[in-house]
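Letters A, B, C and D mark the chains in the order given here, with residues in each chain numbered from 1 onward.
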Amino acid sequence: MRPAGPVPSIFETLESEVRGYCRGWPTVFDQARGSHLTDEDGHSYLDFFAGAGSLNYGHNNPVLKRALLDYLERDGITHGLDMSTTAKRRFLETFRDLVLAPRGLPYKVMFPGPTGTNAVEAALKLARKVKKRPQVVSFTNGFHGMSLGSLAVTGNARKRDGAGVPLVHTTPMPFDGYPGADAAEPFAFFEQLLTDEGSGLDHPAAAIVETVQGEGGINVARPEWLRALAELCRRHDMLLIVDDIQMGCGRTGGFFSFEEAGIVPDIVTVSKSISGYGLPMSLCLFREELDIWEPGEHNGTFRGNNPAFVSATAALKAYWADGELEKQTRVKGEHLRAGLLAIAAEHPDAIVAVRGRGLAWGMEMREKDAANRVARRAFDHRFLIETSGPQSEVVKLLPPLTVSAEELDEGLRLLARSVRECL
Amino acid sequence: MRPAGPVPSIFETLESEVRGYCRGWPTVFDQARGSHLTDEDGHSYLDFFAGAGSLNYGHNNPVLKRALLDYLERDGITHGLDMSTTAKRRFLETFRDLVLAPRGLPYKVMFPGPTGTNAVEAALKLARKVKKRPQVVSFTNGFHGMSLGSLAVTGNARKRDGAGVPLVHTTPMPFDGYPGADAAEPFAFFEQLLTDEGSGLDHPAAAIVETVQGEGGINVARPEWLRALAELCRRHDMLLIVDDIQMGCGRTGGFFSFEEAGIVPDIVTVSKSISGYGLPMSLCLFREELDIWEPGEHNGTFRGNNPAFVSATAALKAYWADGELEKQTRVKGEHLRAGLLAIAAEHPDAIVAVRGRGLAWGMEMREKDAANRVARRAFDHRFLIETSGPQSEVVKLLPPLTVSAEELDEGLRLLARSVRECL
Amino acid sequence: MRPAGPVPSIFETLESEVRGYCRGWPTVFDQARGSHLTDEDGHSYLDFFAGAGSLNYGHNNPVLKRALLDYLERDGITHGLDMSTTAKRRFLETFRDLVLAPRGLPYKVMFPGPTGTNAVEAALKLARKVKKRPQVVSFTNGFHGMSLGSLAVTGNARKRDGAGVPLVHTTPMPFDGYPGADAAEPFAFFEQLLTDEGSGLDHPAAAIVETVQGEGGINVARPEWLRALAELCRRHDMLLIVDDIQMGCGRTGGFFSFEEAGIVPDIVTVSKSISGYGLPMSLCLFREELDIWEPGEHNGTFRGNNPAFVSATAALKAYWADGELEKQTRVKGEHLRAGLLAIAAEHPDAIVAVRGRGLAWGMEMREKDAANRVARRAFDHRFLIETSGPQSEVVKLLPPLTVSAEELDEGLRLLARSVRECL
Amino acid sequence: MRPAGPVPSIFETLESEVRGYCRGWPTVFDQARGSHLTDEDGHSYLDFFAGAGSLNYGHNNPVLKRALLDYLERDGITHGLDMSTTAKRRFLETFRDLVLAPRGLPYKVMFPGPTGTNAVEAALKLARKVKKRPQVVSFTNGFHGMSLGSLAVTGNARKRDGAGVPLVHTTPMPFDGYPGADAAEPFAFFEQLLTDEGSGLDHPAAAIVETVQGEGGINVARPEWLRALAELCRRHDMLLIVDDIQMGCGRTGGFFSFEEAGIVPDIVTVSKSISGYGLPMSLCLFREELDIWEPGEHNGTFRGNNPAFVSATAALKAYWADGELEKQTRVKGEHLRAGLLAIAAEHPDAIVAVRGRGLAWGMEMREKDAANRVARRAFDHRFLIETSGPQSEVVKLLPPLTVSAEELDEGLRLLARSVRECL
């Protein structure tokens, strides 16, 4: 007999046990605008999570909403596979004019399916196809997705165990600052493995990296580390894949997170905030000379999510025609950083590190469960923040880039309070 | 120097060579309603392709459109990961009340990411996790997706080659009617492999099958074959996964394509037409006792595509509250079948077979390139049809289930004419 | 406390639990000559097992013994890696003159290490290297060795489980006469998989087969089946590897077991009786144009087991300079067959089948444990026979080819008596 | 047309191109005694190669020869699979009494087949079976054999390429002193990977290591490094496998090369010199509690090479009943080291390093081809030495342990001369 208590919701009775976020945020959300969500009881929550980085322009951004509604109203093509459509053309033109051309990026654009993991799968396939080698190097605490190809380059042991088959053809190398790796010569070991014909490392087709590891704990690679990696790849005939799914679309300041380092990866994956409206969409970008795909060799039903092309186009026009968003992100990021350092200074024993770039920040807690306690406490204050890192030891902050100065301060206040109440 | 000629479009200069459909249908589509698309020049095309089965209720179905616009207008949650939302609850309740409960299906519902391949990846992971065995049996000419897990159970050699790594842990068995397999005892060899401890077939965790192979050439499994397969799985401790991504949501008549056979698969994947509006969405359904997932063990950014939940809910209410759509599909299917047989009778040397179920039909051409010629010719007549099969030897017809009698006849006329002009 | 009883032997206390034969034959053997072994208590055992086919010329054959002792006495090279030695030259010359040349076989000779599994590993490596494809087709109930490459083409589930990793890149096809396979068109399904670009079978580099499956239960492939397989391989650009480790060196009559079928495999593995004296030695033979090895690309410490070259040379000269042994093997084989059929006729309910070629014979028992009981009973009568087959359901007879007529009759008498006493 | 010149030998026309040593030493060897080989022309060669470490007691050692001849003369069992035999019992008793018991080693003894690679395959299988995990860690420049399991833990790229399939389930870690690895904290990175649940290194079942890498270039692990590795394995639930195939049987002084470090590996592989006479034989030793093998789960035709058991027993009795050999090896090793350092001092620019233990020594040359030139020049002086290392950059010296003081000096003189003449 069930113990007396509230009737379990349909989420509990019908949805699979695999559900996650709903457990930490036990309410039913209904509406959202900008930096706020509202639940069914009318409570408003300040959102410093932003769909895990999918809502850089805020929830239901009115400019994008208008474009989307207009498109749907006039019965624009919704589902287009990889047919040519007006909406896709407009997106391609805008992406070329506002993103690729101004940055001198020599990329072809592939629509590999509308999710991040699909873009990663396409990137890995292409790299292996071009180099005719199966091995790919990933980095400690990297996160790239849940389908088998992407999961093999993902570090998290629990998620890897979910594969049900051994994940092979990949070798992890230390990310920038990884304990036990040589800080002064971070690629000395990796390069020796590549140089030494007896090392046992099969020569990789590619290395796949995030410039800032979001799921891995907001681990920030230094620009010089990224440049050294790019150089290493060039020297050793490996393609460099930057997975910019979480950190791209302005999250760290520039449209691509690798711009600051001055590198040009061979392949780039983009998803999450590219549609701007939270609609499924992803891109795989690569140097023109790598475009050796056969027609249809990689496909997918929802590659042509045309409403997403429409909101993506509107987002690019609204936010990337000039440098204002980028500038604002840096200013707000600096403010957020200062606020976090102040909180950390208040709790020198409990808070181990504050790190981030742009508007992606992490606060690492010494005690194992502290970050989760802080996030739960924040929810009580109707403030949504996530944790990340292999042990969920990092409080992770990804406010919308469109967050206002007041919201930013409110978030910092709620965070400080939550931390204080938990320690 | 480029030869003189039309300036290449941005699709040709910027989009990857991997693009496919746009090559066979060289125009730019702009709008769509019901069974028709309109291109930028205002030409209208009759669509018997329906987004490869993603648009069972037609393009921009007005009932679903209304629900979607209302939801977006009122700033309903767009992007929800796996948070609980009002839109998800409504979908779950409706799916339970109109789909699962009336059919007595004992399934939990997982939102594995919004694409079909993600649902297949989740299904394979779960089967291997439950049975603690890596091997999975697939069927000749099966198609399940492009990410590495799904690709390993997909038959097409060209797509497999795209993987860049050997695809392992899977073994193909003959689909119903496969040449060289025993027609009278179709599972005799498979069962012998399972029974014989010296067979060399590592005991599979699961078998994954489509009831009608859409990409494989509209190969139809007989109900008794499916029942025998289900029995075989039960006898030999394997899970039966039905991939109902293309044939589910009413395409063959019933909501699930396996209903007719009277089987209850252990795991079912659903996508394509589940949102009803061409929006990315997918489900992985499984028997409650298989729900051994850890929270977050499989995740994905766009699992909670709430606009898709809204249109999906509207579609279920509009079309699955009674048996009318199912009945209509059977009637229209019978009509389509008769028309195809008439065309085949006209060309007994050129047309090898007509086969299908519900409103999924294929016409196999003897000559290798004939089906492609027919499809190209049909495009000239502004009639959109696809080919399928390992050699693209099958003309494939997937009209919207909402196609009118007049449209059906018009399609048959255009098809007859295209065939005639090609032979 | 150990229960009272005999003090366990050092085999029980120190040797690993993996030991096998010593369990069924619980005595300590000391000496051997021809078809007999003697244990420490002076009991003599008639041996119809012959080192699992490694002692085709009997135990400690005096002709070979003389050559071996002379060689050791004069301090001929014992261990030679792959240096050129007098003993190796003599072997190569003799093998060319008495084996390859008379049969018109166009093979290069590789010494891949002195064990059968090493020869199989080399064969598989070479086939994959030549064809640049990882997939290899094996056959149900095939047995090729215990190292990971060979184990992947071995059928036995218990031995496969011992690998500790999934065994991949191999697919089992039905051996001749396999239940559930099409008897009339045994390669119809296999060829369809090869032809059909949607089959899901990655095109194999090679097929590896035994002409008579020794461990698999003395399953005999018909000459026409082997010819059809050779043809299939030719048509579909696959190499044919015949593993003649157990059935070569005259076991079925001719030096190679495939001679009768009139085929010339691309690669042949030879071991067991090649040294003639039970000394470790193996060969990998292949068509000259396949010899694309780099120097040292496959190596091994005991490739140059020179005493084995000496006894091998002596064996070839003694037994293969004329056709006498081959003729005798056929005569004795016919006699053995007749005797087995007589025993089977006595027990029509218990004995399901008698099958074999040359001096390799099997008697399949209906009841699961009957063959093991017969073999144990035979041991009580000081008669050594083995069982084989996936369930050890087959009594297996491999007398030395040099067995005398009297010994053959004695063996048949002891077998008949053992069967009678067990049923 | 073949250019005029010497008629090619049968080694060139019939033996596979895979042959290696015969290319560097272009003569035909005929006889051997102690530290010398004689070719067909009667020339005598001083052997500081010793069958790549298989002839620690010299060629055709008279004590072992006597035992072997006696055994063969009296028709002792030659081929025994894993039957119990008198010869095996004597070996087991002697191995227990002279090797295991005095050292307090708690091992069971497995006869996995008579070659080193077979012992390694057995060790890897057992480790994976015990820990139920596929991953194994190997070390840079390790060498463990040519069958697929062993090759996957071998570093050499050229040999790995020979596999024809990707080699998976293994990850290389830096051997002691590896460039780019942290010298002060050699296991810091490895341990971090093991500790960090986000590292991406699937938890290994075992680490496999050589104490001195023979093929890898005579790289010597410090005792403290080995102890730290053993500790690491214990802390992180991994088995430690020491591959003592080349460095065991007294090569570095003690019977096992790991004795000096004071560690007790979980699994040990032994081969090469165990038979003492260059006969194929190998052992896999493991802690009693790991002996979870099923009977026959790993097998092999030549496991019971009884003549090898006889010579092995004689070798143990002659050389391991007291500490004399071990003492002599250290004395001679010290002498060899001094001689090498003197040579190196003469050529400070050309010789980069001298390193070794016991009677395994290497001299690393700066210039890429210098070591090969030295070895070829030594052959001209009838002095046999090998090169090793990933680029064959190391002159490798493995004289028989029974080498006389005069032979040792003669070898040093010939080496000094060869070096001088090459630089």
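Just so it is clear, contacts are C-beta pairs under 8 Å (C-beta built on N, C-alpha and C of every residue); 3 or more make two chains touch, one makes a residue touch a chain.
Molecules present, by chain and UniProt name: A, B, C, D = Diaminobutyrate--2-oxoglutarate transaminase.
The structure presented is a predicted model; accordingly, all values stated were derived computationally and were not measured.
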Between B-D and B-C, more contacting C-beta pairs sit at B-C
Greatest Cα-centre separation from chain B belongs to chain D
Averaging C-alpha coordinates per chain, one finds the centres of chain C and chain D separated by a number of Å equal to 30
Between chain B and chain D, the Cα-mean centres are separated in Å by 58
Distance between the CA centroids of chain B and chain C (whole Å) is 49
Contacts with two or more other chains occur in chain C at residues 134, 158, 165-166, 169
In the complex, the residues of chain D that touch chain C are 9-11, 14-23, 25-33, 37, 40, 51-52, 54-55, 59-60, 65, 68-69, 72-86, 88-89, 92-93, 96, 108-111, 113-118, 121-122, 124-129, 134, 145-150, 152, 158-159, 161-166, 169, 205, 245, 271-272, 277-280, 284, 286, 291-302, 305, 307
Per the touch rule above, chain B residues touching chain D in the complex are 165-166
Given the complex, residues on chain B that touch chain C span 134-135, 138-142, 153-158, 160, 166-172, 174, 178-182, 185, 188-193, 196-203, 216-217, 389-391
